[in-house]
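Paired with chain B in one complex and with chain C in the other, chain A is shared by the two complexes that follow.
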Partner chain A sequence: MLGEGIIKGMLETARNFAGSYVSKERLITVQYPEEREALPENARVFPFLVYDGPEWLPGLRCVACQICEKECPPKCIYIDKSADKKPDAAGKPQNYPTRFDIDVSVCMSCQICVEVCPFDAIKMDKQFEYSTDDRFGGLLLDREKLAKSNEYYHQIHPVEANEVDTRLAEERAAAAAKAKAAAEAAAAKAAAAKAAAEKAAAETPAAAPAAEKPAAPKPPTSGGGGA
Partner chain B sequence: MITPILARQEGWNRQPEIVPDGEGELLEVAMGPHHPSTHGVFRMDVTLDGERIIKLKPVFGYLHRNHEQLGETMSYLAIMPYTDRLDYFSSLSNNWGYALAVEKLAGIQVPERAEYLRVILAELTRIQNHASSVGFLIQDMGASGTPLMYAFKEREKILDLFESLTGSRMMCNYMRFGGCRVDTTAEWLNQARKVVAGIPAFADEFEALLTTNEILMARTQGTGILRPDLAVNAGITGPLLRASGVNYDIRKVDRYGIYDRFDFKVPLGEHGDVYDRFMLRLLELRQSVRILEQALKDIPEGPIMDPKSKIRGFRPKPGEAYGRIEAPKGELGFYVISDGTGNPYRYRVRPPSFVNLTILEDMCLGQNVADVVLILGSIDIVLGEVDR
Partner chain C sequence: MSGTNLPATVDQIFITFTHWVAHFFPSAFQPIVADVLGVIGIISVFPGLFAITVLLERKGLGRMQNRYGPNRVGPWGLFQPVADGIKALTKEDVVPFHADNVVHFLAPLILLTAVFMGFAVLPVGHHMELMNMDAGLLFFFAMGASSELSVFMAGWSSRNKYSLLGAMRAVAQMISYEVPLLLTSVIVVMLTGSLSLPRIVEAQAGYSGILPHWYVFTPMGFAAFIMFGIAATAETNRSPFDLPEGESEIIAGYFTEYSGFKFAMFFIAEYLAMFSISGIATTLFLGGWAAPFSFLTVVPSWFWFFAKVMCFIFVFIWMRGTLPRLRQDQLMNFAWKFVLPFTLVDLVVTGIWRFMGEGILRWIVCSLILIATYLIMGRTGMVRKPFAPRSYRYAE
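Our next item is the complex of A and B:
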């Protein structure tokens, strides 16, 4: 019969229309600004900089190594390296960024900066409402706007943040143990040298001034390790 | 009156030219670049004799973004997110094609679990691409809204899966050389199983809605016929070729990845018209469900990355490689030449939409001007891939 296919199709739409009154499954739209769906854990929008502790500038994990700046596919990261050094999260003296800008109007949310960062300093945010009427300045985020606390990172990516924290803690423990071992070794060496010098001085008093030099205690090599 | 004069090029076997009937004047119409049916910024310079197409010249390049040259200036890894933007409907397939080429170049092995994940994601991509391309085709035909929204309802579920796994709905940037970026959870796999189980019901509903619709049949059957010999000569691939009855599917021919482990059929068309292409996509969608069911059942535990491959400082040794996959739109190939440095010496994309679009004129000659929109929709182009 001509028109059978059309009627069949219309029955299908009628079924869906009527069904939308009884079944919640068929109502799939969300009235966006009023209603919001929770973003999944893995969601990524734009990068931000993680800092530890209460203060954002001293706590920044970023050491201005500029790897992300080089690897960024659309080249939207701009970093200036500091001339002086400050202790980083692990206590070692490191550079820090005097300028860290991300142009989010260029950023394509690819997450490559996060993957290449060896210090877990840059992570992806879930904040996507960046609309502004200033298309140049308003979308160029500086380091103060980008800096967000580790607690915030835990809030938005709990599983990932826990993994990162465990890894960082392990690395710090390993670095501390290494520094301690190095310090101990240096101390032992110094003590041995001193003992040798004393012994040499006791045997041949004339040679004592020459043996003084290696016996001098060595300065710690790695700045203490901050353990 | 249609009078064939001669094939325009020896051995090329193109559609015979159409000569005007001599009554009245010819009319030149520029369809596009801002025409809603052109699926983006694409122009067709059409010469009309009355309603009939005498000549059609596709004009593209409005969305050209220098993809290949750009790729040669950046690291191998940094190209990966740009491949998402080629065919923005099926970013995961694009990722796989590029990863395959570079893995061939560098000789990296992919772990079992990652291979399964790739198959699952590529087939989910195929399903959502076919669902939406069929929806758009019907939309071009004038069925405004309803079928497209039905297709998008299903696509939405798949995009939610992508988002919860890769972090992004369309620009997934998920595959890496030697595996995948993040591992799935058992929860995600269960969710995927649930979505896949719902797809046959969607296909049934969609077929009940449309396939026997008399208006659709009258518009599409016998429209835009592509002969198999012409299709093969022009290098057409994908659903467009198979709708003409040529059995050529790279999943079966190359058996890249682990496609040799799955039991599935390659549906073929008979007439090569728009209706066949429409039906073929629905049939392929059901075959993808079959592959997905097997893959989701068999997926093993294990690592998802080759431990030898590295993210920073990736430098394959000098050589060249061509990796190709069966993307939802046809053969998607990536050709990479390495000179041993951090960025490719030459990087070339063989996009299926672009090659399939070259046959547009031959399918349109002699048809009505309203059918051009339909034929273009049945090729299933994405301008991001055509223009690169």
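Our next item is the complex of A and C:
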């Protein structure tokens, strides 16, 4: 009959109208500033720099290798390399960025900087509320604003952060083992040299200078490894 | 009107107030003062109602779509109309470079004037009409029809293809639905024997037991009421007949090129047209200011009028929340192949009703004729004809 469908439709909207006052489940709107939904773990918005330990500047994992700067498709990363060096996460002396800016108004959240970073220094953040009335300065994040602790990284991406920490710990252990082996080899070499020297000394009275090898670099104690 | 009877006093409070104010003036000016007060009443009450309705519409539509609707400005979003008003008033008034300036400027003014004129004859309460015209119904529809002129002025003067398309659609639609709108009110005129709106209401203000004598409770009155509702929806360009301003098709139709306060004037005029058409539907079919039950006559008549109008508005909103927009050919088919013939049959039925005399027989006969017509025409008239594959002929 003509008009049947109209009545059916009207009843449906009437049900919605009345139902939305009765059951809260019908209203799917999330009233954003007051209520917010938890972001999924893999959510990613803009990159940030991870640092280990309590201080952000000494703990920065970034070594200013500038790979991310070169790979960034929209070219939103600006890095100035330092002249001096500081020990990095694995304890090796490395450069560090004297300037590390990301223009988040340009960033397209592609995560390529994260993919290419060999030092696990840059990761994706979940922070998305960058609204500001200064659209140039307010959206150009410097290294201090970008630096966030490894603990924070664990909070937002626990699984990924654990993987990274395991890998870094392995690297550190490998580096330590290598250093130890090197030290042992050096010691053995020194011993051999000493023995040879003694032997030579026995033959010739001239004393060979003691082979003072530099001590193997100790693994850093400040690392958040395995946290 | 005795001052001791409290319901009657409250009912006539505005009339009493007008007389009281007018008696401060010399007697030669008293009718003018009373009229001016009435005009002030109309141009303050209905735009106020407009603000409330816009809020209710947005809230109601939201709820129909399982949303909250506006709830940020003030408690429960109550001050949203204020925010909207400030926004409309502070916006820049852009007039297209190639627009016909005078016509472009006049169109919203004429529209608003024409719409406001319609309220002059509406009896919003017992004795509460600005003009008691013998041909009030005719005046009302004349004013309603003149709004088409300003719609076309707006569309034409904007020099914009969307405006012109919207205006053409609006004029085609309004003229098509004007015919059934007038014919359905002819049914009421036939039943009452008068074109005067107060007299039409008074004819419906009686009661059998506690039940009222509204025309909607007669077979042809009910049929006419439904058809009037359809035609009224189309006249006011409301969804599902909102082709003239279908935003997904032609931006905003005839008022695409209007901004700021002129846009607000179109917006207000559209809602005021909705009120006036709801008011006339209430007057013609739902007993105007008459109470729905005899024991409710203690409640003031103007309350009943506005309550009925708001019910009408709610149905308008409800339809907007439910029905999708029609296609142009569906719109025209519906008007000329269903609504108009059905209304003509209804006119004949009204004649039969009039000449069959009192009794249950005329109820049965008239109802049967109308139901049969509805079923047959719904089956045959609204059948979708299969389209043949489109063929083109080219000039040789």
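Remarks
FYI, the second predicted complex is superposed on the first by the 176 of 227 C-alpha atoms of A that agree within 3 Å, B and C clash if a C-alpha of one lies under 4 Å from a C-alpha of the other, contacts with A are read in each partner's own complex, and residues count from 1 in each chain.
We adopt the following convention: a contact is a pair of C-beta atoms (placed from the backbone, for glycine too) under 8 Å apart; a residue touches a chain by one contact, two chains touch by 3 or more.
Just so it is clear, the structure is predicted and the values come from calculations on it, not from any experiment.
Contact with both chain B and chain C is seen for A:9 once the two complexes are overlaid on the shared chain. Look at A:124: by the touch rule set out above, it reaches chain B but stays clear of chain C. Contacts of A:20 after superposition on the shared chain: chain C is touched, whereas chain B is not.
Using the contact criterion defined above for the overlaid structures, shared-chain residue A:110 touches chain B, although it does not reach chain C. Judged by the touch definition given at the top, the superposed model places A:71 against chain B, while chain C stays out of reach. In the superposed model, A:31 makes contact with chain C only, not with chain B.
Contacts of A:41 after superposition: chain B is touched, whereas chain C is not reached. Judged by the number of chain A residues each one touches, B leads among chain B and chain C.
2-3, 6, 9, 12-13, 16, 28 are the residues of chain A that lie in the contact sets of both chain B and chain C, per the superposition on chain A. The part of chain A that touches chain B in the complex is made up of residues 2-6, 8-9, 11-13, 16, 28, 39-44, 67, 71-73, 108-112, 115-116, 118, 124.
Residue ranges of chain C in contact with chain A, taken from their complex: 60, 63-68, 318-319, 321-323, 338, 374-375, 377-379, 382.
The part of chain A that touches chain C in the complex is made up of residues 1-3, 6, 9-10, 12-14, 16-17, 19-21, 26-29, 31. Chain B makes touch with chain A in their complex at residues 74-75, 77-82, 84, 146, 150, 153, 156, 160, 163-168, 171, 173, 181-182, 205, 208-217, 311-312.
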